[in-house]
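Chains here go by letter, A, B, C, D and E, matching the order in which they are written, and residues are numbered from 1 within each.
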Amino acid sequence: MTTAPGLATLSAAPGAQAQARPTSGGPAAVNADVLLSARELSVRFGGVLAVNKVSFEVRRGEVFTLIGPNGAGKTTVFNLISRIYTPTTGEILWHGGGDAPTALTAHAPHEIAALGIARTFQNIELFEHATVLHNLLIGRHTHRCTGFWREVFFTPGTRRAEIEAREKVERVIELLDLQHHRDAMVAGLPYGVRKVVELARALCTEPKLLLLDEPSSGLNVEETADMAFWIQDIQQELGISVLMVEHDMSLVSKVSDRVLAMNMGEALASGTPREVQSDARVVEAYLGAVDDLSSLRRRPHE
Amino acid sequence: QSQGVTKDEIRIGTIQDLSGPLAGYGKQARNGMQLRVDELNEQGDVNGRKLKLFVEDSGYDPKKAVLAAQKLVNQDKIFIMAGHLGTAQNMAAMPVQFEKNVVNFFPITAAREMYEPLHRLKYSFAATYYDQIRLALPKMIKDKGAKKVCTIYQDDEFGLEVERGAEAGLKTVGMELTEKTSYKRGATDFSSQVAKMKAANCDLVVLGTIIRETIGTVGEARKTGFNPVFLGSSAAYTDLIHKLGGKAMDGIYATHTAQHPYLDEASQPLRFWANKYKTKFNEDPTVFSVYGYSIIDAFIKAAQKAGPNLTTDSFVKAMDTMTFEPDMFGAPKSTYTATKRLGNDQSRLSQIVDGKWKVVSDYVAP
Amino acid sequence: MRFIFKTSYAQDIALARHGGHVFWYGLLGAALIAAPWVLPEYWLAQLTFVLIYGIVGLGLMLLAGFTGQFSIGHAAFLGTGAYTQAVLANAGVPFPLALGAAAALSAAVGVVVGLPALRVKGIYLGIATLAFGFIVEEVFARWERVTGGNSGLHVNSPQLFGLDIGSSENFYVVCLLIAVLCTFAILNLLRSPTGRAFVAIRDSEISAQSMGIHLARYKTMSFAISAALAGLGGALYAHKLSFIAPDQFNIVQSIDLLLMVVIGGLGSVHGAFLGAIFLIAMPQLISLGKDWLPPAIGQAPGLQGLVYGLVLIGFVLFEPLGLYGRWLKVRTYLQLFPFYRRGLFRRQKAFTKSDRLR
Amino acid sequence: MLQILQLLLSGIAQGCIYGLIALGFVLIYKATETVSFAQGELMMLGAFCAFAAMSLVGLPFWGAALLAIAAMAAFGVLLELVVIRPILGQPQFSIVMLTIGIGYVARGLITMIPAIGTDTHSLPVPYKDEIWKLGALVVNVEQAVIVGATAVLCGLLYAMFRYSKLGIAMQAASQNQLAAYYMGIPVKRLNGLVWGLAAAVAAIAGMLLGPITFVHANMGFIGLKAFPAAVVGGFGSLPGAIVGGLVIGIVESFAGFYLPDGFKDTAPYIVVLVMLMVRPNGLFGEKLRKKV
Amino acid sequence: MNDGDTVLQLLNVESAYGPIKAIRGVSLKVRQGEIATVLGANGAGKTTILKTISGIIDPRKGSIEFEGRNITAQDPAQIVQQGLCHVPEGREVFPLLSVRDNLLMGAYTRSDRDGVARDIETVYGYFPILRERAAQHAGLLSGGQQQMLAISRAIMAAPRLILLDEPSLGISPKLTREIFEIVVRINRERGTTILLVEQNANMALNAADYGYVLENGRIVMEDSCERLREKEDIKEFYLGLKDEGVRGERRWKKKKTWR
């Protein structure tokens, strides 16, 4: 189990009301460690209150995990952060840019990536009719430095920028072992590889915060273990904070520093993976009680 | 030596609407031309040369007309463009022809632009829409005691010619158009135009329309209980009007020059001719077949006269002294000189009575 | 199959993948340059039309094939370019200036037309562009003072430094030059971030957006570039045809343009030109074939449409990837020659999913 | 006042025609998610069918109508079998292209029929040229028939898509073909059915339209105005198609009367643009968004 | 269980995507009333096998028999109508139909209205959220809810054989367990035969009777699940049970640091 040094102390408290710090002068006074903070987030779709007064904060350098039963509102939280939805109430503050935190709602959806927030999607949203390499290069879009006319004439500067982008992408390819698939069309890749490509594409934006929606779904045990290593590499070697939604508790407890459990749109419990996993309500709503699978087996007399 | 003339062949090009809104006309005109060409080739030649007719389809679309003209002129190397149908189409195609010194011979349209401004290569045969309406309208107004005159016209050079003719005609009796309304080439719905004219209480409507538009307009008017006097130009003088429009078309007037060959009342030579046409194309000839036939006929006469050394220059020279006598189709005499490129400016008036065009006035000249 | 060892990233960026490319394109270039001396006038004119439509096709390809935005009103841009050029040329403005103005004005119109693209997609966008096309056509017809209305407008021969470049040969060279330049511009764009952003938008708007791509800006840009190329093509078209009228820029023309890129092969630059060749050659072939048929069929006016439709259907049925797709197969076949397996290109069963959710 | 009423009336009648054609678009769209550019041509074929049955064969109107509808339905099924089915599952765009091709072929074929194809014909329906007078208001029977037929047809189709298993299955197949196969939905057969149905609807539209615009090879182009109708109503909504048609028809009728020439032809398109600005999904269309 | 008659039999099946061969000569058998499972790494070709069975991909070689009838390369809809239902990878719901209509489509091949109504109730009993959202567009459900819907549709079809592709994808641990219980129950109570593909090998090996291991498109091992559970390789690579073994907490491939 790895934990980023200096972040071992966890102030676990469900909801933000309990987390209220002695603030003196507005958001800027919040703990300098905080990268992103969500306060009292709610969003309603017609009759469904998908997220209800959820508050949490993600600190620099940590892996923060959201867990919860299906339909708890985890993906919706991601969508709120990446501005696909706008919260009905509440705000999300980003502390990653300079000194003053900014509210994400003040940014257009496409500006989120430039702020340093990248994400993957639960249902995989890759550019299907492009190669893996192409997908990753698109990931570098926020770092483009050439203008339209320079590209039309493909000036030497553009060429240099292209080669540089390519070098960066190549490093991600190497980190995630995608060399084999570099020139393959995404449309023909198996599910598991696509998950990795999506992760790679998000990494190419060189984010400060990475949102991973169920990174291990569709991966087998071995691949999940690889995923765990990658997430740790990303956290420790690249210093990227990770906000993750995950159902595989082995992965969750291996990589996350803190966990927030949600249920029916509301925060249920938060704390270290161990604490949350042993929370009775979490067990009841999410984990299920029995761990013995032998009851599934066919009894001999059947 | 001009292009399109060889030792034993003269190439004639024509562009017709074979698939568009005037397909009815285009096909008939082509047949008429083909009939005369075949006749000649069977019976003889023009100074040792046979005729060859190249037909292209414009679909009543000026762009296609230009492309067709480019093809005829540059690829098929025609000597002359004869009987090209449609005003806008001719206007579009003429520069292409003139660039290669190809005569625009007797286009099937009566717009003034077919001979004005004067150009060495332009020859027109039909009394203009402008004159037709300008002359017929005052008479109609007087006969019918009309107070309010409106017009509906096709929104292009053709319709405008009719509209201008109507304005000029009204001016001579000190009146003005009460309502003008237009439609786009190929339109099929005229309800709002008719509603407009009805609301203006018009009692005489000048039709700058052709086939379907004439029927559509008149039909729509009858349906909504609007019954003014309708006056069309030679573009609307066709048997298709009463054939398609049925009873509702009875009573409308149109100006024209040549007459529709109704066979039951035709003269012997005309009947003979019509029979020939019918055996060949399996349908009755119409006034547009007549146009086509006469155009080639006129060409043959002029080419004969130009002599064995047929070039554009010799042809123009021959044409500029030509006179065509009245023929069996009832067209008046027409003459050409180096400065008079419209052969005939007389027109007359017909009315549909009991599903047939009946001539109601004699030729009038401006 | 040729196998290329890549030794540097620059190799991936290069336009020509290998020496063979250089050779064949060089040959093509030489043939095109020699054309005015070899081809008869009529065929040279057709070749010029191919180049002109190719330029327009490039623009539409960028929009439809690479950005995934279907425009059923592209003739409007063609028309804008054509009328701008006609009016300016008739007013005596030098050819290059007028050309620039035509492209710029079309681009501006393109931006306006692109606006609905920010809000609507798929069929809605198609209809929006269609509607724009109709309205622009009507403007051409009604703004008689400038456009000459439905009677159309004659276009003077193009003038360059007091020289008349309107002759078939000269004008061909002008078109060739512009077509080559445009092709390079598009190729360059496609191998740089902008082009990739277009492709991203085509494949998934939501994830393009989360990669930091400003959807509105890039869609508008795509419309503008596309319109500018169409305008450029329109300007050349106006000169080549020397007569323009509003109904040359109607829905049928728009659909023809769309068919052109589809038949050429959506999503390939080659496709634009292959499609143009098809569009121009088809009527010629039909009229050549006419004489072989019995007159009842050969002379029937509907033949053109019929054959055109049949060929189109045949294409979609047997070669959905268009002419370029066919070419790729032929090439692969040749490269693999003795080892070609029959099942290689067999089409798989495919299944569609709702396009409404994108 | 009377003027306005009369304009309204003619707008409604014209609108119903648009609506009727739009109904065909929506039908195909709902069931296959493709936009059929051939709908106008199918309508033209239907009208020619009826015309041939009446004028050439000499059937009475009702017989001819039934025959035309049946013939067109069969033709639709055949069309699907021969040209659409082989590429079922390819991107929808291919099918759109196909329909354009079908349109060309249909127009070409009709035009090629000697002596009939290029001409304009009138459809001798029994109620031709009849009018009802309601006071000073003139109601055209031809138009009244259109309004009635449109309403009935729309109701039937609506019920089919809303309540019948078949209708729901058609929609399912259009939304996710793969899943439809997994559920055992006979996607191909349904597709054939849809095209048959669409062709039948087109035939009805053609016969209703015939007396008004005449029967000719290019009458299908009126379909271009039905597109805006379908979009204004919200593509994919059957009642929307009718309402959209009415909106377009009425706007057109008033624009033709009160605005300068040229506005009449563009009015539908201006309306559709305004609509797309204000409500990008049309009057009855749902706002759809992909959930990620 | 090995004595029951064979419901599904694949003989030397080979399928490819264009030039890429995804499965090469797979033969397997599923017997009446049993749960069979296929394990395999990413891209091994598990999904391809299922797709080939239900006719979504035509095999290049080999034959497939369902209840003694040859169904090789038939139209998928026709195959399904013979009593087989496929829960696809990645949910594949009808996004713009209501949840209820989705369920009804599951029962498309059935004509017994009462039975369908009863089954809807059963399904609502399994997954109450579906009842709650019955009128909502299925596309708006959360990932896991869609998965529930996909499974429910198969139940609605009341087939004799269900092909399940990763039913636990994106499902919470508690619900995963419940779903497996449901699967087992359907198998026991209705006698439905099930062919299961699952990444959660632990679950799969406990619920299933017979297992196949697929690697690179070939079946490399097959045995009863009882015995498979005891195999060292399986424990290590599929169950992740090997503590501090070859892999342990250390990765087997040393990563070079970058940046």
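In the analysis below, a contact is a pair of C-beta atoms (placed from the backbone, for glycine too) under 8 Å apart; a residue touches a chain by one contact, two chains touch by 3 or more.
Chain identities (UniProt): A, E = Branched-chain amino acid transport system ATP-binding protein; C, D = Branched-chain amino acid transport system permease protein.
Everything numeric here is computed off the predicted structure, so don't read it as measured data.
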| item | value |
| --- | --- |
| Contacts common to chain A and chain B (chain labels) | C, D |
| Remotest chain, chain D as reference, centres from CA atoms | A |
| Chain pair showing more contacts of the two, C-D and A-C | C-D |
| Chain A-chain D separation of Cα centroids, rounded to whole Å | 49 |
| Geometric centre distance via CA averages, chain E-chain D, whole Å | 44 |
| Between chain E and chain B, distance of the C-alpha-averaged centres to the nearest whole Å | 76 |
| Numbers and ranges of chain E residues touching at least 2 other chains | 17-18, 56, 95-96, 139-141 |
| Touching two or more other chains - residues of chain B | 18-19, 23, 27, 155, 184 |
| Chain C, residues touching no fewer than two other chains | 141, 206, 301-302, 304-305, 349, 351, 354, 356-357 |
| Interchain pairs in contact, sorted by label | A-C, A-D, A-E, B-C, B-D, C-D, C-E, D-E |
| Touch list for chain C against partner chain E, complex | 343-345, 348-349, 351, 354, 356-357 |
| Contact footprint of chain E on chain D as seen in their complex | 165, 168-169, 171-172, 175-176, 178-188, 288, 290-291 |
| Interfacial residue positions of chain D with respect to chain C in the complex | 29, 33, 35, 37, 83, 86-87, 89-95, 97-98, 100-112, 114, 117-118, 174-178, 181, 217, 224, 227-228, 231, 235-236, 261-262, 265-266, 268-270, 272-273, 276-277, 280-282, 288-290, 292 |
| List of chain E residues in touch with chain D within their complex | 54-56, 75-78, 80-81, 85-88, 92-97, 101-102, 104-106, 108-109, 139-141, 153, 157 |
| Chain D-facing residues of chain C, complex | 70, 116, 119-120, 123-124, 126-128, 130-132, 134-135, 138, 141-142, 206, 251, 255, 259, 262, 266, 296-297, 300-310, 312-313, 315-317, 320, 349-358 |
